[in-house]
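In order of appearance the chains are A, B and C, and numbering begins at 1 in each one.
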Amino acid sequence: MNYTFQFGVALAQLPVLLSAALVTLELAFLAFWGGALIGVAGATAKTYGGPALRRLASAYVVFFTNTPALLQIYFIYYGLPEFGVLIPAFIAVVLGLMLNAGAYLTEIMRAGFISVRRQEVEAAETLGMSLFQMVRYVIVPHIAKTIYPSLANFFILLVLGSSMGAIFSVNELTGTAIDISTENYRWLEMFLLVGVIYIALTFIASVSLALIGRFAFRVKAKVF
Amino acid sequence: MLDRLINEIPRFFQYYTILLLWQAMATTLGMAVIGCTMGFAFGFVLVCLRQLTGWVFLPVRIVTIVYVDLFRRVPFLVILYLVLFFIQAVNPNASLLSIAVIGICILSIAYTAEIIRAGFESVPRQQIEAATVMNFNRLQILRSVIIPQAWPVILPPAFAYMVGFIKDTALVSQIGVLELTSAGKILNNRGFSALLVFGTILVLYFVLSYPLSRLGAFAEARLAPPRNR
Amino acid sequence: MHHLEIASLGCRYGKLEVLRNVSLTVAKGEVVSLIGPSGSGKSTLLRVLMGLTPPTRGEVKIDGETIDYGSSRCVRTVRERMAIVFQQYNLFQNMDVLRNVTIAPVKIKRRPRPEVEADAKRILAKVGLSDKHHAYPDELSGGQQQRVAIARALALKPEILLLDEVTSALDPELVNEVLDTIRGLAADGMTMLIVSHEMAFVREVASRVVMMDNGQVIEEGSPRQIFDAPTSERCREFVGKILRH
């Protein structure tokens, strides 16, 4: 192959890419926390709700985990305007990722809910804990410890998934790389650099999440 | 709004549209099948290479570990663009479909290797020791002890992964391969309602993916006991 | 000449010296029992003998031949002459009883299957499991599993059988069926090196008892000597503690 790599051109864009990486993290954070809220609500509905609520939550999970997130965003971004609701691309992407994440997080949270053992609750009752104390000191720590590794893992997937923003011209990392490449034509160099930034980004995220897990929940999460 | 939708429906479900969607769905399914098959074949080889011991094989082990860990930290979209521009630099005549398939395989090998490795590592060390003291060599241990005990652990997440994988192929619409998602964009550009078009496409993905996820749930329930026959 | 001869064997995991300076011998037909508090290195000694943990110094001889644990060919011959039964049975979960017992002779030693199966059935009858040929390990009780594990080891026709706390993982009511099996082996003249906490059993079946502590041999002698008149303070303390309950 006679292609001359010119990494200098790509590296010159590093500051721009790094600030775009912040947008990537922002997308991932918003989708994660929004999804987590949906997840708590969904898992509560699925575990403790009445039959109708349970069925609704299940339908949501089944539908959103069996269709591509990309299509869900398409549906929101191009479909909502037909109802007369015009939303900016960034919001559509966040909303789509959030709804998609919510479905997966419902399942993760539910696994945590189910893992609370009756004996533990009974032990807390015999100690004379109030309901609030029980939730605060026994149930939540237990759930947190059980689901933390899955949550950490899912956050990494969201960082990667946020690259779909590029398709809707959101200027996160991948989108910015596409924009710059269409001007300087150094596609390969730009995307190699972007790949390295994603690796660094997710690696830093994995390490920090593992450390947080170790100190906050005494979870031994593996970085690799 | 709703009137427009209803008016469009007969025009939408015509021979041409259905043919387009049918072909697109076949492409999506085909890419997923090839990706999963290659993923499992090469992922398996990768994990076996990782089991090699001795310093002679250290470079091999490092390559497999680096491959699996790095490609799971790069978005599929970025991998696709990299494969696209790299292959076009080498061979400008390569078809977009083959480029997409290569990208898909690179991704699926990394993820399936990780699933298979987790399965292998779930086999207790004592089982391997018991075989070792009876003079099993590494290949015999792999074949007689590790694989039979690992596959019930591997299968449920493997199904979950395959379900996810059908959806991941949606991204290859970005490099211009005609599959379900691009079919949706084409139809949307023809002026059909986005709700109708993307709604239909969502349902079609669901049709592909839901049976597989049911099968996965079934496999998980069946394989829950530690033994398999 | 001694059948098995261990001379000043040492083994360390990093900084931890698990075996310091272990010397002991086993003659043909002898049943030598290793006793001592947990963590004294008894199990590690068996692991070293089987080539699962490399020794850091000392030597092991079988029939006067020094074994080089660095050479995989040499380790293979050792594993042909000695077999080990583990505390946790370690039966292959994916194989039924008969296959657990026959797989190594058929696949590794390449003996004809009909012959091996006849052999296996005879051995399984001896350990009292004739009716369990096609049961899977998780369908058996701990005691039955452990007897299958013994049968599996015997099917290899070892010259020396190593037993590593084979009753420690069992419920009390299942201990005796396994001990009976071992009694039978001792009566047949099987050479054995047994790590056990069952002192009454050791006293009954062992021809010699070796007391270990802290990676060293503290005292050795006949069961009578060790249990009734131990000379070292450490041994007296251990035996006293064990016999009191």
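Note that in this section a residue touches a chain if its C-beta (ideal position, glycine included) is under 8 Å from a C-beta of that chain, and two chains touch if they have at least 3 such contacts.
The structure presented is a predicted model; accordingly, all values stated were derived computationally and were not measured.
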{"item": "Category of the chain touch graph - line, ring, star, complete, other", "value": "line"}
{"item": "Chain whose Cα centroid lies nearest the overall Cα centroid", "value": "B"}
{"item": "Distance-maximising chain from chain C - centres being C-alpha averages", "value": "A"}
{"item": "Chain centre separation (chain A, chain B; CA means) in Å", "value": "20"}
{"item": "Length of the line joining the C-alpha centres of chain A and chain C, rounded to whole Å", "value": "53"}
{"item": "Length of the line joining the C-alpha centres of chain B and chain C, rounded to whole Å", "value": "48"}
{"item": "Shared interface positions of chain C, touching two or more other chains", "value": "none"}
{"item": "Residues of chain A whose C-beta touches two or more other chains", "value": "none"}
{"item": "Contact footprint of chain B on chain A as seen in their complex", "value": "1, 3, 62-63, 65-72, 74-75, 78-79, 81-84, 156, 160-164, 166-167, 174, 177-178, 187-188, 191-192, 194-195, 198-199, 202-203, 224"}
{"item": "Partner chain C, residues of chain B touching it in the complex", "value": "126-127, 129-136, 140, 144-145, 148-149, 225-229"}
{"item": "Residue ranges of chain B in contact with chain A within the complex", "value": "1, 65, 69-70, 73-79, 81-82, 85-86, 89-90, 163, 167-168, 170-171, 173-174, 181, 184-185, 188, 193-195, 198-199, 201-202, 205-206, 209-210, 213"}
{"item": "Interface residues, chain C side, partner chain B - complex", "value": "50-52, 76, 79-80, 83-84, 86, 88, 90-95, 103-104, 107-108, 136-138, 152, 156"}
